[in-house]
Each structure stands twice: as structure tokens, then as C-alpha cells.
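Each of the two complexes below includes chain A, the first together with chain B, the second together with chain C.
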Partner chain A sequence: MGKAAFDEMNGFGGEHRAAYRQLQAWLEDTPVELLEQRRLEAEALFRRFGITFAVYGQKDAEERLIPFDLIPRVLTASEWKILEDGLTQRVQAINALIIDLYGKGEILKAGIVPEELIFANEAFRPEMIGVEVPGGVPVPIAGIDIVRVDAEKFYVLEDNARTPSGVSYMLDNREATHLLFPDLMARSKVRPVERYPDELLAVLESLAPRSASSEPTIAVLTPGSYNSAFYEHSFLADKLGVELVEGRDLFVRDDVVYMRTTQGPKRVDVIYRRVDDDFLDPLAFRPDSMLGVPGLFSSYRAGNVTLANAVGTGIADDKAIYSYMPEIVKFYTGEEPMLHNVPTYRCREEEALKYVLDHLPELVVKEVHGSGGYGMLVGPASTKKQIAEFEKKLKSDPDNFIAQPTLALSTCPAFVDGEIAPRHVDLRPFVLTGSKGTRIVPGGLTRVAMKAGSLVVNSSQGGGTKDTWVVED
Partner chain B sequence: MMLASTANDLFWMARYVERAESIARTLSAAGRISAIPQVSGEETNEWSSALAAAAQLNAFMETGREPTEKEVFDYLAFDESNPSSIKSCLTQARHNARSVRPALTTETWEAINTAYLDFRKYEKAGHSLRAHQEFLRWVLDVSLRVSGTAFRNMLRDERYWFSRLGFYIERADNTARIMDVKYHVLLPEHSEVGGSLDYYQWSSILRSVSALTAYHWVYRQALKPWLIADLLILREEMPRSLASCYQNITTFLDEMARAYGKQGPAQRAARTTHSRLRNTRTEDVFQKGLHEFLTEFLADNNKLGAVIAEQYNLA
Partner chain C sequence: MHLKLRHSTRYTYDTPVRGIIQMLRLTPRPHDAQHILHWRIDVDQDATLKPSEDSFGNIVHTFWAEGPLESLTITVEGEVQTENTNGVVQGTPERLPLGLFLRETRLTTPNDAIHKFAGKTAGSKPTLDALHALMEAVHKRMKFDIGVTSVATTAAEAFKAKHGVCQDFAHIFIAAARSAGIPARYVSGYLREDGGREQYEAGHGWAEAWVPDLGWVGFDPANNCCPTDAYIRVACGLDYLDAGPVRGVRTGIATEQLDVEIQVTQGSNQ
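And now, the complex of A and B:
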């Protein structure tokens, strides 16, 4: 992979970073046999709890475990402060962007983001133009993917403003560490993440529509138990103490959403929906959707129900839009962005495309609408044939791609195949925004590429997860 | 207040687990009686009876298979194409449970999920008598764990009531069916008592509902067919009797009516059946004809399930 990666425990080689001192000592004292035993325990635990994950298109593997790596990842409080401030700023800008794009369009008028990038975008929802978002915050829940390349530098790799997933793993991983290594937890000053559900509930309540009662009814909307993230949906409903509903549990009468209960209809005010825009309402979006609720969007437009996140927020996930994020942050906050983007080539621009085509073996090329690590080329890890195929795709539809230099993502110690070895990681903190501002639980989901040298951390591609600690300096 | 679909899932989850247990008990009793040499010589097939008790005789015959021990066991225990096999029941129960996981306690969820995960082990164990017995014992354990965790830990609210309603309606159905399959050996007092074959048939009925010991405690005498009918139909102290099931069903429906502030057709239907069971004597049952009595009961019981679904929007 050329350049050596920054290791969060050992730096660029040999040094012992302060943040890991305690963990390192613990690792040295803990025999691998014990770790292996704990790993098996963890697996049994996850299976028994049903913390499983379905992979699209793999029938025999209907329910799989996401590998849980035992060794926590450590961030210091001062590192966290940098992230917290930068994420808050970025998510506030994303919220302003969404409101502006479907409202006055000032950023377009100012010529900062090209119009055609928005209006020709699949993720843009013309139905949302002029709609006042109930609750006023289109992206109450954001998951921002962060990568690290050295002791100081964090980059934002991706913004997830649509329906970021993975927060259940953040909480379950912490729970697992408590169960498996109580002594280690007891002597490490780890900031708790357990209050996430309470924070989320407060955010959702704060965004209830004006017509809701003082105790708004909240529900989590899931596509159903066959969905790959169903476990998380049911986990969240459980922790929030709200109903977990499917489309068929809801109906709309006179622009008000109700759920069918054993005692008749009950009004629903806020829906934390884990169903994509396309499937929300067969009357407004895909008519063949069986998952949705006919009339939901009309109720939404009427301001009678809050959807978290709002319809049309996926535009902010677009990787071409991403490339403008530094300017977007500046435009809405008037400040310099605290978190940096990975340098990005927009293949829609002629010069950039030429550069990308000339340097494919060293770049990462991504589809602008892609997610989950699909439809992506990692140049240095690809065969000539794969590169040639991508070259063809790029030439025929350059607008659909962006490219970035292959980053040497930081590594963390991981326990794989009976030994401790460095593996590449990223980080997805979950950023909550309610009517009273933005809150971030200290930590997030660390995803780890379980294969040596691999940079692909997506769970759909065999990536694992880690407990993520923010410890006092 | 709860989601109607949640109530439905809880109701069926409990029904399926109870059904799995009933099938396990039926298979266990059939295995027992067919292992008795003096019986196996006579013209009887316990395995067909087991199919009938599980209401699967016709469906099985349509598959063209012979009702031998191996075939019937396989069909009632492991066959996915049989919607009432133990495997289908546990899979369905787990599906219901997973859909409403937040409504369950961790322990109940784990009991069902673990059962689902462990099932494979038993499927592969082969067809030895010992493997069969071990499997059936395990099914009873699963059912016990599911019920036990619910009994010990679940909040006494509509979640609990709906799951208990499913449980008792299924249980009443099973008890009535098992008796109905053998109604020809359950004869009124004063009729001629049959030979050793009948004796084993009677004990088999009691075993299928784990009531052999209870019988002796209640009556302190040798097995008499009319007393078996009395025990399984009318005795409220016998947990699998129809009377006991309906005592529970009315109690849970009444709790629900109190909580919701409203009585309805389900409460009335349950109370009617319950009081009929209370005011009936064994002689009345035999006078009417045991088979007729049970047929009518099964229809009423079935109807109650539909009335509950209707009243509480479960469908």
C-alpha cells in the first residue's frame, strides 16, 4: 500500500501514544488464549441477543453477525473536542443547506453550488420545494464518517444525512466491553455513551409538529423484519420506549397519521423513519411501495407529522455535493470549516476527469450516489482488468463519479485470527440536532477492515466494529 | 394501548410455542405406546392417531407417505412444508417474537431465539429412539422456558394478556383434539370396560397432556375412561382441562376489559363457554356424545380466536 499508515497505538512506528498507554499495558498482560475465549463469548452473546445483520442478495446467510473486535479504540478528550466542534459546525451547515435548497436557494443564487448538480440529482426531491419542514430541523440524526491519517489530522469521508445506521452497535459494543472486560472498564475513564437514547428521544420530542399534544407520540418506522437493519430498528424502539411500526400499522385520515392499536386509532406525531424516501408513501413516491403509508407525505406537507429525517435530505449524502462542503460550511456559518474534506476530484469537470483517468491505479473512485462500499474502485488494490472496466464507466458517465487519493487510513490494534495486529478503521459519530441545538454522544461507531491491508470497512463487505472510547486526557 | 400488530404477534408467538409443545407430547405418547409389544400386534396405528391429534392426518396422507414412526416423526417434528411441524412452529414463533422484540423481556426473547438457533443440532441427530426422546424433552424445555420467563418477568399488562390468551386458546384446542381422536375408547360409566389395548390408549391420552399423575391424585383409582373425560374437560384444577383453560381465558379477557374500560363480544363469548363447562356434568357430556361435545367446543374455541382478533383489530 506504499505509505505506512498511522497507528493509533504506535504512531508511525515504535512510539507509545499516551492515549493507549493503559490499554497497551492491559494487552501485554492478557494472554491471547483469554482474548480468544472472550471473542467466542462475545460471538455467543451477540447471537443470543439476536444482534444480527442481513446481507442483501445472500440467501443462505440470512442473518449474520457483524464481527465485533474486542480491542477498544481510544480517542482522547482533546481529540474528541476537535471532532465535536467540527461535527457540530458541519451538521449545522448541512441542516441550513437542506432548508435553503428546498427554500430560497440562496447558495445556488450565490453560485457556490452548481444548480444542475442539485436539480438533476436523483436524491433531490422536487416535492419538497416550499415545504416547511415540521419541527424545523431536516437532519436531526446525522452520521458523519471520519477518517484519520496522523496524530492531528481528521478528514470527513462521507456525510450521511439520509438514514445513518449503526448506532445500536455503538451501544451494544460498549455493553459487550462492560460484560467481557469489567475490570478494564472499571479502571479506564471512559465517557459514557449510554445516554444516547435519551438524547435522541429529547431531540425527537423537541421537533414535534405544532399541532401535536404536549406529550407527542413517537414511533420508529421500519421496512420490516426482513430488512438488513431490522435489529437496529427494534433496538431503538425498545430503548426509546416507543412503538416500532411498519407501514401497515399506520394510516392517514384527514392529513393526520394514526397507528392501529388494540383500542382503535392513535395519532402519531413524530416518526423516526428508517424507510427510504422512495418507499415512504406510494401516493407521493414509488407507487409500487408496499412498505409505505398512503397519504403520509400529504400529512407531512400539512405540518401534522414530523419525519426524522426529513424527505429529501439524501442530497447532502451525494459525493459530488460533498466536494463543495467546505464552501457550504463557510457560506452558512461564516466560519472556516474546522473539519476538512478529503481532496476530491469531480469527474464531471474535464480537467479533473483527465487527471483521474491518468492516475486510476492510485485513486479511489466512488459513485456519487453510492453507499455501503458498493460500486467503488480502490485503485491500489485492484487488478488491471478492474481498472480498465472502471475507465470505461468513467468515460461513459463521468458525472456519476468522484475520485480521491487513496488515504492511508489510520490503524488500530485488532484481535484477528488469534493475534493482535493493526487494522484500518474509520469512525462514524452520531450527531443529534433538536430545536435546542446539537448534541453528540462521545464516541461513535468504529468500523474496522478485518482483512490485513484492506481499506474497506463496510459491514456489507465483511468489515467489523469496535467499541470506541473517549477517555479523559 | 398497544399496536394491534404487536398484540397479534404476541398472541401467535404463544400459540406456536404451545403447539410445538403439544406436538412433542403427542409424539412422545405415541412413541411410548407403540413400544409396548402387546399393543403393536393389534390393529392400531398410534402414528396415525398422532397425526390426527395434530390435525395433520389428511395433509400427511396427501404426501403419499406411509404413517410409520420415522415418517410421522419427521413430518411432525422437522418438516418445513408442514406448517404445524415443531420446526415450523418454533420458526414462526421466533419470527413473531423478533417482530415485537421490544414487547418481550430479554429472557423470553433469548429463550425463543436460542431455541431457533439450537434447532439445527437436533435435526441432524438422526432417527434413533434416544435422539427422538432427547429432542422432545428439549422442546418441552423450550416451551417451559418461554412460559416461565413470561410468567416470572413480564409486566401484567395487555402484552402479557394477549400472549396468555394465545397460549390458552391453543392449549384448549389441543386437549380437545387429543380426546377427540380417541373418543371411541372413552366410554361412559356402566359400559363394558375394554382390554389392555384400551388401557394403554387411556394412559396415552393422559400422557399426551401430562396428566397421568394428576389423574391418580384426583381420583385415587385405576384408569376409568369417563373419569379421564371428566378430568380433561371439567376439572378446573387440572391445568390442561378445557375448564381450566377457559377459567384463564375469561380472567385475562376481563383484565383487558377493565384496563380498556370496555367489555365486548370476546368477553361474552368466553364467559358463555366457561359457564357451560362449569354447569356441565360428565353424564351430560356422554349423553350428548363425547365426539359431538368436543366438535362443538373446538368450533367455539376457534371462533373465540376470531372474535378476539376482530374486537382488538388484530387482523
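And now, the complex of A and C:
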């Protein structure tokens, strides 16, 4: 892959980075046989947790385990501080962006983001224009994907303001580490992540509409047990201590949302919904949706129920919008962005397109609306034929693509095929914003490419996950 | 023109349904050439109509009726005074950015054939000429046929099939106009046709497009004309789904029979 990647344990080679000192000593003292045994135990454990993940587009769409890598990833408290501040700033800007785009549209008037990128975008919901978001925070839950290239530099790879998933893995991974390596955990000063459900509950409660009582009724809305993330939906409802509901468990009367219970209808104030905008309400969005609640959007417009996240937040996930994030952060916060974007070529711009076409073998090219690692080209890892085919796609619809240099993502030690070897990783911290500000549980979900040299960490493409530690310096 | 409208929509179910929720876009807003003299909506079941306004500025009524229901009738009665402005619509609440009306929707996504059709027809003509040419070309290409398309038929499908109803004509016109870079939208309402016909089985649908210096101008490709004082303009949106008169969901397993009666008559001018 050309340049050597930064390893979070060994730097660019031979170094022993302070963050990993303890872990490294432990790895040296632990026989591979023991790790192998723990790996098998971990697999049994995750089967018991019931964590599975259905992969779309695979013929045998059987549910399978996402590989859990035993070796934790370590970030120091001072590294985390940089991320925490940068993420808080970025998510505050994203919230301001959403409110502005559906409100006064000042960023468009200022000419910072081109209008057509917003209005032509399916994720932009005209139905939201002029709607005052109940609770006032459109994106209470954000997942920001971060990659690292050296000791100092972190980049934001992607913003997920729609319905970021993966937090159940963060929590399960930590629990697994506790169970598998109790001594190691006891020795290491790892900041806890276990309070995430409490923080999430507090955020959701803080955003309840004015009509709600001091103890608002909250529910998690799932598309149902066939959804690939159903495990997480039921996990979160359970941890939050709230009902897990499907569309048919809710109904709307006189602009108020109720949940059917054995004791009769109960008014619902806040819905943590894991159903996409399109399917939320057949009266307002796709008329053929069977997953939603007829009348929900009308109730939302009337300010009687809070949806987390709000309708129409997916516009912030668009990769063409992403390329404007540094300017967006500056516009709303008045500050320089603390976290950097990966340099991005917008193929809709003629000069950029020309450059991209000339440098395809070096670049990563992505669809602007895509996610999950689908429909992208990783130049250095592709054959000439694959590149030629992609070139055709790109030329026929350049607006639909952006390109980025192939980053040498940092690596972490992973336990693969009976040995410890470096594997590329990214990080998705979960950023919670309530009426009282932004909170981030230290760490997040580390995704790891299990194949040597591979840069694709998506679970849909065979990636695994790791426990992520933030330790005191 | 003084127009009187009576529009009744009756649903009859073979087995009683447990409940119905509907969202109605059946109330016109006044604009400079349309004055509402009188308008009311009645639902023949125990239900409260909750009024609201959507992002397009349409007046929306939502109601919930508890079952068991064997039938449901919605009756609209109204009187309006209209003037002929050759399609130019002024005095409507316009809160949405024009750029939004260039957006493709599922029902109005142009395929290659529509892109080509738009390019050939609109060419480099000035906007107003381009729109007239498009309207005429859609009207010429398409045969008006009831029952071959449905509310889910897309512009591309209808364009290929070369027939459809007013809604299909309007969707094709909208898709082609946007393809030519002209903001366009769907309008639903009523039309009193020439020749004194008073009974209709369906409401009417047409399009509006944005012309510099004039603003929104109506085009009715099904009739190959710009709306006159014989039109009642009710709601608008990106396509039929945003502007159609009724969207509803019922709970319970039943087969429904739908009977629509529309009467548009000319009142006497005072």
C-alpha cells in the first residue's frame, strides 16, 4: 500500500508508544494458546448475547456474528480530549446546519453550500421546512467516523446524523473484555462506557415536548425483527428500560401518539426511532410503508412528540455536503474546525473530475449518498478491469461521486489466525446532545479490517470490532 | 366566474373497519384570481377535523374515526369567484426556495426518453415558449385514457405507454420542465369543462412552472391550455403525493368500494 501505516502500538516501527506500554507487556506475557482459548470463549459469549448482523445483498442472508477482536485499542486521555472537543464542535455545527437548512437557510444565502446540493438531495425533506423541531435538537445522537494517520492527526471520514448504529457493540465489547480478561481490566485505568444508556436516557428525556410530564414516556421504534440492526434496537430498549415498539404498536389520535399497552393506550412523548424517514408515516412519506405510524408526522409538526433523530437529518450524511464541513463548522461556531476533513474532490466540479479520472488507481471514490462501504472504489486495491468499469460509472454521473486520497489508516494489534498482527482500524464515537449540551462516552466503536492490508472496515464487508479504551495518561 | 362545487367521496366496506385516519387536501387557499366565498368539509362519522398547514402552504385537515365503520363519506361544498389570468398565479404563500422545485421525485424522475423529449421540445427557447411547446407536445403524444394508469404510475411509465389521465400528463410535463431546468410543481383542483358538463368522476390535476417576470404559471397538458377562470386551484406540491386530495390508512381487513361524485356548476354572477 505504498507508505507504511502508523501503528498505534509501535508507531512507524520499533517504537513503544506509551499508551500501549501496559497492554504490550501483557501481550508478551500471554501465551497464544490462551488467547486462542479466549477467542473461542468470546465467540460463545457473543452467541449468547445474541449479537448478529444480517448482510444485505448476500444470497444466504443468514445472520452471522461480527468478528470481535480480543485485543483492545487504546487511546490516551489527552488524545481523547482532542477528539472530544473536536466532536462536540462538529456536532454542534451539524445541529445548527439542520435547523438552518429547514429554517432561514442562511448558509445558502451566504453562498457557502450550493443550493442544488441541498434541494436536489433526497435526504432533504421539504416536509420539514418551517417545522420547529420538538425538543430543539435535531440530532441528539450522532456517530462520527474518525480515522487516524499518525500520532497527532485524526480525520473525520464520515458524519452519521441519520440513525447511527453500532453502540450496542461498543457496550457488549466492553462487557466481553471484563469477562474474558478481568485481571487486565482491573490493572488498567480504563474510563467506563457503561453509563451510555443512562446518558442517552437523560438526553431523550431532556428533549421531551412541553406537553410531557416530568417523567416523559419514551419508546424505541424498530422496523421489526427482520431488520439487520434489530439486535441493537432491542438491546437499547432493554438498557434504557423503555418499550420496544413497532409501528403497529403505536397509533395517533387528535395529533397525539399513543402506545397500545395491556392497561390501555399510553401517551408517548419521545420516540427513539430506528425507522428511516421514508417509512415513518404513510400519510406523509411513502404511502406503501407498513412500518410506520399513520399520522405520526402530523403529531410531530404539532409539537406533540419528539423524534430522535429528527426527520431530514440525513442531509448531513451526504458526502458532497461533508466536503463543505470545514466551512460549515466555521460558519456556525465562528471557530476554526478542530477536527480535519479528509481532502475531498467533488466530481461535480470539472477540474476535480479531471484530476480524479487521471488518478483513479490512487484514490478512493465513493457515492455521495452511499453508506456501508457499498458502491465504492478503492483504487490501490482494485484491478485494472475494476477501475475501468468504475470509470464508466463515474463518467456517466459525476455528480454522484466524491474522491479522496487513500489514507494510510492507522493499525492496531489484532489477534488473527493464531497470531498478533497489525490491522487497519477506524473509530465511531457516539455523540449525544440534549437540551443541556453535548456528552460523549469516552471511546466508541472501533472497527477493524480483519484482512491483512485491507482498508475496508465495514461489517458488511467482513470487518470486525474491538473494545476501545480511553486510559489516563 | 362564479363556481359552485360539490364533491362527495364515499367509501363502503364489505366488513366493518376498526378505524380510519385520513389527511385531506381539499380546501383551496385564495389567491389574486381566486376568492373563496364559502367552503366546508363534512365527514359523516364522529370525527374532528384538525386543520394545519403543510410546507407547501396547503391547508390540510386530519381526522380520526373510530370503528366499527361500514362506510365513510366526505363531502366538500364550496363557492369561489375566479378571474381569468391566463394561468398566472399570484398571491399564493411562497415560502419554499425555487430550487426545490427542480428536484426529482419518484413519480417525476425523467428517464432518458423524457430528457431527450425535453431537450428537443424546449431547446433553447425562452422559458414561456419552452413551456407552451412542452405542454403541446405532451398533449399531442399522450392519449387520455381512464383506468390504464394508477396513482402510483410514474412519469416515465406513462410516457412510454403514451396514455394516462390528467395526473400522468402533469407528471410528464413536470419531469420534462425540470429536466429543462425550469422549476415546476403539481397542482390539484377542479375544472368546469367547456360545453356545460357538470358531473365528474374525478378532480383535476395540472402543473405550474416558474417563469421569470411572471412567477408561477399554470399549464394543463391534459387540455392543452393554461388554467382559466373555470379552474379551482386547491393544493400544490412536488408531485401528486404532496398535493392529492386524500391520503388515508384504515385498520381492519376489508375490501372497499369507492364512489366519487363531483359537480362543478356555474353560479349566477351578482
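Everything that follows uses one rule, which is that the second predicted complex is superposed on the first by the 468 of 473 C-alpha atoms of A that agree within 3 Å, B and C clash if a C-alpha of one lies under 4 Å from a C-alpha of the other, contacts with A are read in each partner's own complex, and residues count from 1 in each chain.
Convention: a contact is a pair of C-beta atoms (placed from the backbone, for glycine too) under 8 Å apart; a residue touches a chain by one contact, two chains touch by 3 or more.
In this text, all values refer to a predicted model and were calculated from it rather than measured experimentally.
Q: Aligned on chain A, chain B and chain C: do they clash or fit?
A: Aligned on chain A, chain B and chain C fit with no clash.
Q: Could you say whether A:S298 touches chain B, chain C, both of them, or neither, answering first, second, both or neither?
A: It touches chain C, and chain B stays clear.
Q: Taking the superposition as given, does A:E419 touch the first partner, chain B, the second, chain C, both, or neither?
A: Neither chain B nor chain C is touched by A:E419.
Q: Touch test for A:G105: chain B only (first), chain C only (second), both, or neither?
A: In the superposed model, A:G105 contacts chain C only, not chain B.
Q: For A:D249 in the superposed arrangement: first (chain B), second (chain C), both or neither?
A: It touches chain B, and chain C stays clear.
Q: Which holds for A:D473: it touches chain B only (first), chain C only (second), both, or neither?
A: Neither partner.
Q: Touch check for A:D198: first (chain B), second (chain C), both, or neither?
A: A:D198 contacts neither chain B nor chain C.
Q: Which of the two partners, first being chain B and second being chain C, lies in contact with A:E362: first, second, both, or neither?
A: After superposing on A, A:E362 lies clear of both chain B and chain C.
Q: Using the touch definition from the top, say if A:S225 reaches chain B (first), chain C (second), both or neither.
A: Touch status of A:S225: first partner only.
Q: Tell me, in angstrom, the smallest C-alpha to C-alpha distance between chain B and chain C in the overlaid model?
A: Distance of closest C-alpha approach: 12 Å.
Q: Hey, what residues of chain A end up touching chain B and chain C alike?
A: none
Q: So in the complex, which bits of chain A are touching chain C?
A: Going by the criterion above, the answer is residues 105, 108, 115-116, 118-120, 126-131, 251-255, 282-284, 287-288, 294-295, 298, 301-302.
Q: Of all residues in chain C, which touch chain A in the complex?
A: Going through chain C, the ones touching chain A are 19, 21-23, 48, 50, 52, 54-56, 60, 62, 64, 95-97, 99-100, 102-104, 152, 238, 241-242, 247-249.
Q: Can you list the chain B residues touching chain A in their complex?
A: Counting only chain B, the residues touching chain A are 1-7, 95, 98-102, 106, 109-110, 113-114, 117, 158, 162, 260, 312-314.
Q: Tell me, which parts of chain A touch chain B in their complex?
A: These residues of chain A touch chain B: 47-50, 224-225, 230, 234, 237-238, 243-246, 248-249, 259-264, 266.
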